[in-house]
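We just call them A, B, C and D in the order they show up, numbering each chain from 1.
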Amino acid sequence: MNRESFAAGERLVSPAYVRQGCEARRSHEHLIRQLLEKGKCPEDGWDESTLELFLHELAIMDSNNFLGNCGVGEREGRVASSLVARRHYRFIHGIGRSGDIAAVQPKAAGSSLLNKITNSLVLDIIKLAGVHTVANCFVVPVATGMSLTLCFLTLRHKRPKAKYIIWPRIDQKSCFKSMITAGFEPVVIENVLEGDELRTDLKAVETKLQELGPDNVLCIHSTTSCFAPRVPDRLEELAVICANYDIPHIVNNAYGVQSSKCMHLIQQGARVGRIDAFVQSLDKNFMVPVGGAIIAGFNDAFIQEISKMYPGRASASPSLDILITLLSLGSNGYKKLLKERKELFSYLSNQLKKLSEAYNERLLHTPRNPISLAVTLKTLDEYHDKAVTQLGSMLFTRQVSGARVVPLGSVQTVSGYTFRGFMSHTNNYPCAYLNAASAIGMKMQDVDLFVKRLDKCLKTVRKVQNKDSDVSGVDNYDKTEDVDIEEMALKLDNNVLLDTYKDASS
Amino acid sequence: MNRESFAAGERLVSPAYVRQGCEARRSHEHLIRQLLEKGKCPEDGWDESTLELFLHELAIMDSNNFLGNCGVGEREGRVASSLVARRHYRFIHGIGRSGDIAAVQPKAAGSSLLNKITNSLVLDIIKLAGVHTVANCFVVPVATGMSLTLCFLTLRHKRPKAKYIIWPRIDQKSCFKSMITAGFEPVVIENVLEGDELRTDLKAVETKLQELGPDNVLCIHSTTSCFAPRVPDRLEELAVICANYDIPHIVNNAYGVQSSKCMHLIQQGARVGRIDAFVQSLDKNFMVPVGGAIIAGFNDAFIQEISKMYPGRASASPSLDILITLLSLGSNGYKKLLKERKELFSYLSNQLKKLSEAYNERLLHTPRNPISLAVTLKTLDEYHDKAVTQLGSMLFTRQVSGARVVPLGSVQTVSGYTFRGFMSHTNNYPCAYLNAASAIGMKMQDVDLFVKRLDKCLKTVRKVQNKDSDVSGVDNYDKTEDVDIEEMALKLDNNVLLDTYKDASS
Amino acid sequence: MNRESFAAGERLVSPAYVRQGCEARRSHEHLIRQLLEKGKCPEDGWDESTLELFLHELAIMDSNNFLGNCGVGEREGRVASSLVARRHYRFIHGIGRSGDIAAVQPKAAGSSLLNKITNSLVLDIIKLAGVHTVANCFVVPVATGMSLTLCFLTLRHKRPKAKYIIWPRIDQKSCFKSMITAGFEPVVIENVLEGDELRTDLKAVETKLQELGPDNVLCIHSTTSCFAPRVPDRLEELAVICANYDIPHIVNNAYGVQSSKCMHLIQQGARVGRIDAFVQSLDKNFMVPVGGAIIAGFNDAFIQEISKMYPGRASASPSLDILITLLSLGSNGYKKLLKERKELFSYLSNQLKKLSEAYNERLLHTPRNPISLAVTLKTLDEYHDKAVTQLGSMLFTRQVSGARVVPLGSVQTVSGYTFRGFMSHTNNYPCAYLNAASAIGMKMQDVDLFVKRLDKCLKTVRKVQNKDSDVSGVDNYDKTEDVDIEEMALKLDNNVLLDTYKDASS
Amino acid sequence: MNRESFAAGERLVSPAYVRQGCEARRSHEHLIRQLLEKGKCPEDGWDESTLELFLHELAIMDSNNFLGNCGVGEREGRVASSLVARRHYRFIHGIGRSGDIAAVQPKAAGSSLLNKITNSLVLDIIKLAGVHTVANCFVVPVATGMSLTLCFLTLRHKRPKAKYIIWPRIDQKSCFKSMITAGFEPVVIENVLEGDELRTDLKAVETKLQELGPDNVLCIHSTTSCFAPRVPDRLEELAVICANYDIPHIVNNAYGVQSSKCMHLIQQGARVGRIDAFVQSLDKNFMVPVGGAIIAGFNDAFIQEISKMYPGRASASPSLDILITLLSLGSNGYKKLLKERKELFSYLSNQLKKLSEAYNERLLHTPRNPISLAVTLKTLDEYHDKAVTQLGSMLFTRQVSGARVVPLGSVQTVSGYTFRGFMSHTNNYPCAYLNAASAIGMKMQDVDLFVKRLDKCLKTVRKVQNKDSDVSGVDNYDKTEDVDIEEMALKLDNNVLLDTYKDASS
């Protein structure tokens, strides 16, 4: 409503009241102005009414929402379904142009602003989360794996001779495939066992580098966030090696934004050595739907090169999600989530310690992993070779999601490469174990339910095992309210079961 | 977004594009301004994006949406459920104040504007629909019956001696109860049969008036829209009688806005005689959810008196619905709906004529009823005394809604008054019949499906009847895909069935 | 999705996963089944996904959502605007039938279920809130005032001779007008001052009753929730009088559900004497939009009579709002809100005590009022006769809503009755004062902001007054960031200002 | 609601009505079952209520919506903002797994079903649109350019020696960059002029192929949909060459699904020769937001290989959009859109013919291009060298979107490759021209407005030019209501202007 509309309003109802309403409107507008001028995440989250006003204002700046527009092109932001238009707040043109995913679209000033502001907010949050000297970043509407591929494809143009990527082993398929898809040959560096922890074998990295010849190596591809007992790579030392050999360094920081330790490692790596880009998932760090990632780095030009490598326009949906989320939370809201995660990590750790000891197992000592924990399943594994697998299946059917059991001796072939001990990041970890993580957004109730259900499952598996693994004996023991679900689980086809836990590593 | 925000936006993306977006915004604002300044229904409907912008702008003028508000009263527009807040576009304060349902609320400038504009738009539409000299009107969040009660309660204060309301019979419970609830004694004037039509007995009205003494009569309560073979009351003549005897006249125009004939009658009545208020349903005339009505009249002061009679604030929900609907349709959209209704009335009439003749029945000749039609069920009634009822039940279970069968001899007692021949508006209509109407929003597909299903049902009922009403014989005849539904229908408890058709008259 | 759909799903993705999803679905369905079977408010609130599933399931049972429906009536639940349809979750048919607002609609099984369940849930909550022996209740889509009118109109039929309603004075217009609208003559019983409190004059009530003759009295109309220093009526004693004289008793419990004290009074009144119906606002007690009320009572038959008095169908919107709200909150959520309200009442009381003493004023001692508080404005009033009014205006423009100032000597005429000392419930309260209330949904932040702003305003008013009420002197004193708003306030037209505070009493 | 719930419902309202509602529910379920069993696009579009029921049912099968779920992993589908959750219908887990974007997720049976069904529907539609023998396809949440890159990256593993991609020139940046990003060297084949049309130089293709050596060529990358006067590539002949030389063939069918001609070319190409994959945009063909594409092909295994090449999970948002859209439209709705597009193409063609002749220009004769048209701007170009550019700018500021002017002699460097005559698909097209297209979703009103505005602009430009290009003279000529916009346009910075039209080619 403009001045004339307010004046007309004053004639309909009392001027004093309209003026009061008009005054109130200004406070919404003030927030919007602050955002546009500073490009920073507001400290306090916005309420829905400011947020929707803002999105609405942006959307009507796109040509598909012009009342007088006539379109005679082949992409005019037309929408067939009003449900679809509404769920996208009428942003239809996506982001970017053929030349650059960060570029401005003449037809869509609103979407372009949305894109710019989102990237600006995200940059602010990455600094706040610990990487203070980050130079530039952008949201890309593909998940972590594809974003890594994009980084490698960009590097190819700078290093035409390179064929190899040096990669300290982490048993997660996407990041492995990201190299294959980009057309490079991953050179796997096995981890070394230090206490319970699996850590980067720095010497092996350097040896391999010399062996292959630096010019033939596209980059080192390291990892921060990972399942225990693996711990974040020794980023500082790797960054120094990269600097020394003048080799690019790409960091897979998939769900590391939520951990100050992971972010600190990146900050330190960049300070003492070389990090070209670090990639993080939107969904895993910011509680939005799957499908977006942030590519960030310390060199503005290189990040721009990556954004220019993306051919064509792209979905605005992940940008919209993260924008809404950050504006709703405010930086204080996000910090609160980070704090709660950290506290729940301690809580989960304590609860698992207690439970494991009650079953003659132990919590692996992995102090360098700030997110994931592992509990041994030794005694279970000794009972019966399928007991570990059964435990996984039982947890799944009891609606425990995200826990994964890691049996010994699993072998998996990914894109032609064979991994022994797959899921454990090493060929021969000393024992089977179970993983659980404290990730952003977790609630204390999740921990309590998990520990309770795990306790029940462990009890049940042992009873079954004690009966000589007689699965048909399931019907005999102490009935609980969920025995039927459990039965179902035990009778599930083996392939399905295996499929189930393996998911944890994908 | 204000000027500073746009300026900031221009620094983020190209000024030319932001300016283009800003320009586009103006066209939305222009529409809003026009609305507020003129208070008329726009000719062309608004698109959703203008509409939602407008509602959003209004809502943030209410104190419950002030970012800095602090509430220390007992009604602050707080909402517990965000689903509820959203579905009301965050208008929580309702409309009106204790003194007057049309009054402005200091705490809620937005809701107050919404209320004023809605009433203004509705006034415009009533003029457009044919009552050109209407002086004032308001939306009241109660349905037609309660609105009539409100009119009668207001009149009570002007005519303290009055005890009776003269009411040409129409067999619809709500309007009858509206008089009872207001504490008056309805004086039923039986209709006279002219050809097939049932019309107002003017002589009886005048005789009764003289008999009771004008001072003892609160008002004449007449009706426009009704089921055939009853036709709209002779409004002109009644209005003249009211003028002559100085008696108020309240018109129940329930679903008459959609018919130019009904509106013309009101306009004429007011021109030549006296009409104090006419009441119309929102849902039946404007395709919104049940729950609101419009009270309109030719004397501004009297309409204001009624609005001041409503004790306390009231729901804004019906006002919001009609506002959204009228702005979406525009006056052109509404006119188009009126035109289509009229055309479908002819179509329905023709189709029913054909069908009835095929069954040796006939379409009653009721040219004065512009909405409802009636087809005799003589031959059916002769077969078996429950055949008419069965037909109604079968139509119901076949998802024909709104058709109603009127058997002979139905007797009903409403609030202590006994009506013989209930549903037929007279004690002894010559034959049983079936009603169907062409109301606003109907589609040609409705007519076609109805006629097809009616045809099938008539066939089936006859077959069943031919078997000496042997309901168990249902299984024997020609199977169609919906025989099971039909069986169910035939086995339904009688009370339920009766209940079903009687609904049509409520 | 039915069994066949799930089977088809199992062929598309793994059976184990579909089965898991199917299992999960059952837990939603279980909640729905519990609700339908028990008709009680669930202890824990439902999440949005269960809630929307439930509403969706209900809606598709209404004929307007039948895929194969054909409508040939005049009210078929057609909707012109998809925005409107969506915001009502496609419930278009409203509730009730002409005979009874609680009746079932054949065309709308879903809306009918919604209505029944809502009434059942609301009954459960009224018991939980303290009136354990309530027999029946229903949600009516009109606010408190109109609901009271409906009660009086129903009583009229039972007491045809009655002309008067005995009403212990409470200065709130709606409840006064509810009697006028119903056509009765209110007999105002002035309150008596006991300490700071204004209480029911029982002797005057009984004397008046005898004077008028019980048969001429429709009922006693008492009040629980009210602004301090008035306190809830002596319900027990009034109920005993009603029982003794065989006179109906209607209680205005507008915002009393939120207070265990008010509810206890009603429960006790019904136990020892007679209470026919008690009426409460939906918005004030349950944080939903304005527009609905609950009429409840201890005699099932009488409550049904009232529901049958409502002529015609009515809006389902208030029922839908309260249903969503109660299912979202669960009884535990509602209890939590009640508890917080009580705690904030103490907090507000303490803060106001401190502040008032700092200004040589005092918190009135009104221990019997569980919701509203009053702080004297004696010293302010002595400065200048408009100072109290100015304070009210300043609070308004500073976005303090719900606080109201009560100057001495205000006279108001409502529907022809003149009230001296209007807003203070008595002709001559000893001093001017300010009201604030702790109502459900209030936050500690509201209290803190209010006290802070009140402090500032009091300071400012005194300064202005010290300058001999020289309003033009406003510019001279200590500038604060909101001086301009305040100026605006001071320059506001007097009528507007008066209007503003008077709103608090409407 | 399950059986027990319905039974409980029958006790609350009449069994007959509940049963009717229950019956009605079955028709929704029937549609869902049909969809799941047949996997085909329904003929008639679904209404919103069936659609939302379906999405709701799917969503509650995902673990993040399990009422009893406890999550202890790092990706549990948690959502911070309820706005975000709602807009995705609570589908949070995205689609695919690390191994395959088409794979099933154990944690998300609902999302997995959504993905499978969407791909199945899309396959059905591609057949319906003319490529009857397509074997497999999948929706990928990246736009056309990136999808092409994905195809090339997949081919790399099959043809390790290949370095070149043979590409008949089309002046659109994304498809050019798709090759660069994938790390290949585009070999540009200039088009030949036949009449007004620019067509594939088959001889040059074959010569180049022999020259480079087939093993060094990754594939031929051809194009169907393009701006006139270029016409679709000679797919049949290219496909035969590919078959003869055993070289893959990837077709960029960006907005070709909407044209039966383009689809026919692909079908024919596959019949007589070799086509490995064809890629189409979701937004350009199906009126959904930007961000998705369909990769389709005639060899099931190869399409699966591509889907397995995508590293990691991905956004479900484009799949959800197309699913909603196709279910809303039904195949009949989509066919209707195709038919209307074709008709509007004729209409646009006629209107442009008339207009161009009035200005001594002509519509280029390009019968082989079924979507795009071109009108010469010869006379304009002769007036002044900036006139063509000015026309483009004026159209832009008059809210004509999608029209693009192509001046002579534009040179552009893309990723190091220099294109002379950029935007015209050839080094030296005989004249400047203007493009307009009839794309799916266009309305007759678009054409009319466009032609009217173009007429006005042409008039204005000529007048300005006649005044010796005196831009300051703008103020002097015949004032129209939009002169100010136009001025703004003329004063726009040159870079911005150029930017604007060039957008049309990106």
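By our rule, a contact is a pair of C-beta atoms (placed from the backbone, for glycine too) under 8 Å apart; a residue touches a chain by one contact, two chains touch by 3 or more.
Small disclaimer: the values here were computed from a predicted structure and weren't measured.
Visitor: Would you pick out the chains that touch chain A and also touch chain D?
Guide: Common contact partners of chain A and chain D, which must touch each of the two, are B, C.
Visitor: Go through the assembly and pull out the chains touching chain C as well as chain D.
Guide: Under the touch definition, chain C and chain D have A, B as mutual neighbours.
Visitor: Same residues or different residues where chain B meets chain C? The copies count as same if more than half of the interface numbers are shared.
Guide: same
Visitor: Could you please state the distance in Å, as a whole number, between where the Cα atoms of chain A are centred and where those of chain B are centred?
Guide: Chain centres of chain A and chain B, defined by C-alpha means, are spaced 55 Å apart.
Visitor: I'd like to verify one number: the distance from the centre of chain B to the centre of chain C, where each centre is the average of its C-alpha atoms, in whole angstrom.
Guide: 30
Visitor: Rounded to a whole Å, what is the gap between the Cα centroids of chain A and chain C?
Guide: Those two chain centres are 47 Å apart.
Visitor: Residue numbers in chain B touching 2 or more other chains?
Guide: 14, 16, 20, 24, 48, 52, 63, 66, 68-69, 82, 105-106, 396, 399, 499-500 - these are the residues of chain B that touch more than one other chain.
Visitor: Contact residues on chain B for chain A in the complex?
Guide: 1-2, 4-5, 8-9, 12-14, 16-18, 20-22, 24-25, 27-29, 31-33, 36-37, 39, 47-50, 52-54, 56-57, 59-63, 65-69, 82, 86, 90, 104-106, 109-110, 112-113, 116-117
Visitor: Okay, in this complex, where on chain B does chain D touch?
Guide: Answer in residue numbers: 14-16, 19-20, 23-24, 82, 396-397, 399, 485, 488, 492-493, 496, 499-500.
Visitor: List the residues on chain A that touch chain D in their complex, please.
Guide: On the chain A side, the touching residues are 48, 51-52, 63, 66, 68-81, 83-84, 87-89, 91-95, 97-99, 105-107, 141-146, 148-149, 153, 156-157, 172-175, 177-178, 180-183, 225, 254-255, 281, 283-284, 286-292, 309-318, 321, 324-325, 328-329, 333, 337, 348, 371-372, 396, 399-404, 414, 436-442, 445-447, 449-450, 453, 499-500, 503-504, 506.
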